[in-house]
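What follows is chain A paired twice: with chain B in the first complex and chain C in the second.
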Partner chain A sequence: MPATKFTPSIISRPIYGGLTPHGTVPALMLASGPGGEALLDLIAADPAVLPHATVIYIPEGSDLGPRLEAQGPASYVEAASYASILPRFRKLLAEAPMNTRLYLAGTEGLIGQATAEALAAGMLLEAIEAEHRGSLARRMQCVHCKGITEDVTTDPFTCSHCGLSLFVRDHYSRRYAAFQGVCVDAETPGEVPPKQEIKA
Partner chain B sequence: MSAQMLRVTEIEALSPLVKRFRFEHPGGKKLPLFSGGAHVVVEMPDGDLLRRNAYSLISDPQDGSGYEIAVRREDGGRGGSRFMHSNVGQGDTLRISTPLNLFSLDARARKHVLIAGGIGITPIIAQMRQLLRMQDRFEIHYAARLRSEAAGLRLLPRLPHIHSHISDEGDRMDLGAILDRQPIGTHVYTCGPEGLITAVAQCAARLGWPRGSLHSEVFLAPPPGRAFEVTLAKSGRTVTVGPHQSLLEALEEAQVEIDWSCRGGACGRCETDVVSCHGRIEHNDHWLSEDEHSSQTKIMPCVSRFRGRELIIDR
Partner chain C sequence: MTIQFNDETFRDDYSYHNSPAAIRRFPFPFDKDDYMYAVNMEPHGSGRAGSPFENRFDVDEHYVAEMRDREITLKEDPLRCQSLPHMELAGWDLLELIMEAKSEDYPELFSLHRDGDRWHWINRPLGIDHKFTFLDPTTLPYGPMEYITRQAQGDFAVLDQRDGNLWMEAGMVTSQADWSLDFDIGMNFFEWHAPVPLAHEMGIFQRALKFLLAIQQDAPSRRLNWTMTVNPRLDTSPENYHKWGPEKRTLTPENTGEKQYLRVELQTFFRLPRSNGLAFPIRCYLISLQDLVTVPKWGRRLHRVIRDLPDELAEYKGFTVNRPLIVEYLSRFDDGKPTSPGIFPDE
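Entry: the complex of A and B
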């Protein structure tokens, strides 16, 4: 699957520049699903990124794991989900030296959460490379109950925490790594517009 | 530039070449607080000349009872530091600007590494006081040539994370060893000679550090040069800049209104558009970009000079 192209209309959405290799420095590589292909492309572009690389891969049904492991990074870990690998990711960040590069590839939710985590650990944005591959689904925060609903593909959608019908706003928060969802029928309860598929 | 008259209440020799000056409000009023890395501009009425030099504050940023600076006597300099050493006595009053910080600590840092060469220790002293108060993680590396000249030794507490390197005693600062294996979230602050700042930048680049983690400050004294003429587009007047004068000083002497702050090519306040340039601008600042330098469309009057047939500036 090729790199995901966005319409340029949403100004608060981060622009992911794609994975550019930075040579033989310590590297943390974190990818999910089709994002594994972006890592394979990166390694093919410059194999020098591998000897000091820790690769974390969340397959999400994809079969790229064995190919990634066969590239021979310094270490390779497969994880069931981002949540399950978070403690390990945090430990790797805490122990990382200043010249570490972070390569992220996969869904916007994964990139956003891992970026926020790395920034909180003191990493600079310029040390983070990201490439969006795969689903256009959005990670949404309900502005009312503050709960996060993952993988939202329709507008409006139902908050998985408080059950409100939420309008998908084109308003992205880097801090929460989520778009903001606002109650769509606050003034006319029950009048919820028909669901549409999110296409950007 | 806001400023107030302050009284010199203490003068202390920190080394044969460096004196510490303390300024307090004559009426005992509290002075505005500042942040570590800030500087003030001291005005020195020296005969017909009004000298203005920027000095980093070394006192506690949270202490408004006074401001302290440390001045190294530069015998080959333009005369400001000689004036401070020879003409200023306890009880004198001098006009001191409100502090301004072009070298502040980065609030994103998880750890601060402060590197100073020689008199470059001064802003780092105030940064250290701020870090001690905030209980932030830091280390200091201070390099000097001779122990007897190392004024910083008198200002730095003895702590295991504060290191002094006296090169005359065979202890040279090893930048590679300092920067290698620092954890992510480290920010480096360098103050000292240009060579030290360049060496830190090169070492960090070689190790693969992101550039945004490097901070530095170098105050330039306006370099001397040949006298030159500048035409002012707004009045059509021509001013002559003397060999030991800066363009900014020549403009001030000609009563041309111009805003300024650091007077050392770092802050950008006196940036001036060039209307036409037949010749070469000798850019000495750290403010304009390389493109702006090469296009000769802007000049920093505080430190930059001109050689050629004609320079017209938008003043």
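Entry: the complex of A and C
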């Protein structure tokens, strides 16, 4: 599954520039599902990234784990979910040397949340690389109840907290690592347009 | 000058109203018969006597009722007021700026006595008489920004300036034209403006930012922005859109003059001395179309502006559905005569 090409959008919508190797500097790599392929491509492009790389992989049903581990990074860990690995990821960020690069690959939800963590830990945006692979699902914040709904694939969708029907905006908050969802039938209650798959 | 404060509401029964004097001094935002985004900035602080531009912070007949409305909104949604931890000094800067300006410009309403860092603030319209220690947050009932903006009309964004950009990192936002402080906190100038159509491509935000970064202490600037709101509602927030949204569809040919309001934001920009931040007060003024057309120049001009406005702007401002009704109503007050330059009524 190749890197996703998104249609140009508004300025707050993140752009994922893809992973380019930065040689032998310390590296933290975090990927989920088809994002593993992006790490394999990165390593193939420059194997020098490996000796100082800590790799975290969340398979999400994908079988790339053994291949990633076989590349021989400094350390390799497989995680059941982003939530389960978060405490360890935080510790790695806190202990990361100044010149560490962060390589992220997978869904927007994963990239966004990991980026927010890294920024909160004092990492600079310039030190973070990201490549989108796999599902186009978005992490959405309901502007009304403030609840986050993960893995939204349709527009409109139902807020998993307050139950309102929300339309999917491209306006994006790095702090929340989420797009904004706004009541779609606010002016005409009950008139909810048919659901459409979210496109790139 | 004494001000009679209105007893009025901005929700439920909407008893908000403008006196004849308030209508005459309304900050009509159009200096010609058409409108497009521009970097419309000018110096602020000593405008025409009696106008909302006369003083740094305009206090008018709606002051007390607006502060009451803010209190209701904050009680329901405390996230309308937020300040990231490093913004506290900027909050003190803002408190000082507002207290100084109000006590100098409206001495019969506000007084400030200072003895070193021991300050005594009196706000007569709101019945506040308070002694506190400047820069000591334990002597105030709220953080400094929240304390003073519960006593000042309009919304406030407080920006940190770094890396050649402005960052929205504190604010009090209860009367906004449909944007969320909670969502936008932490964004820079270009990011929070992302949803605005056309202006990015026109280079407006690049030029505006350059201007803002260079604003000096004691040399504030201002600009006017505007939109249309059905009913005199201050809280047209996205948070509560599902509550006020249905009201937008209640406009009819019969009630347009009464229910449709022109909403004008007097936006000002002040450099803050200690934090080097930027304060951005956004003061909201509301006028019903039927009051507005009592100034013939304004009726003629607003008709032409709304009729000829680019669709993208009407769509962004959210009045596409009501535009035909508004244009039809206003057309009755446009006799096709030329209008004089500038925003003020003809004498």
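Everything below uses one rule, namely that the second predicted complex is superposed on the first by the 198 of 200 C-alpha atoms of A that agree within 3 Å, B and C clash if a C-alpha of one lies under 4 Å from a C-alpha of the other, contacts with A are read in each partner's own complex, and residues count from 1 in each chain.
The definition used in the following text is that contacts are C-beta pairs under 8 Å (C-beta built on N, C-alpha and C of every residue); 3 or more make two chains touch, one makes a residue touch a chain.
Since this is a predicted model, take the numbers as computed values, not measurements.
Overlay on chain A: chain B and chain C fit together in the combined arrangement.
Look at A:H144: by the touch rule set out above, it reaches chain C but stays clear of chain B.
Contact with chain B, but none with chain C, is seen for A:G122 once the two complexes are overlaid on the shared chain. Once chain A of one complex is fitted onto chain A of the other, the partner contacts of A:E197 are absent, as it touches neither chain B nor chain C. Put simply, if you stand at the Cα centre of chain A and look at the Cα centres of chain B and chain C, the angle between them is 60 degrees to the nearest 10. By the touch criterion defined above, A:R174 lies against chain C but remains apart from chain B after alignment on the C-alpha atoms of chain A. Within the superposed three-chain model, A:D63 lies out of touch with both chain B and chain C [touch as defined at top]. In the superposition on chain A, A:N99 makes contact with chain B only, not with chain C.
Annotation: superposed on chain A, chain B and chain C show a minimal Cα-Cα gap of 5 Å.
Of all residues in chain A, only 22-23, 25, 93-101, 118-119, 121-127 touch chain B in the complex they form.
Against chain C, the residues of chain A that register as touching in their complex are 10-13, 141, 143-144, 146, 164, 169-171, 173-176, 180, 182-183, 186-189.
In the complex of the two chains, the chain B residues touching chain A come out as 108-111, 179-186, 207-213. Residue ranges of chain C in contact with chain A, taken from their complex: 79, 180, 182-187, 190-195, 200, 238-242, 245-246, 248-249, 321.
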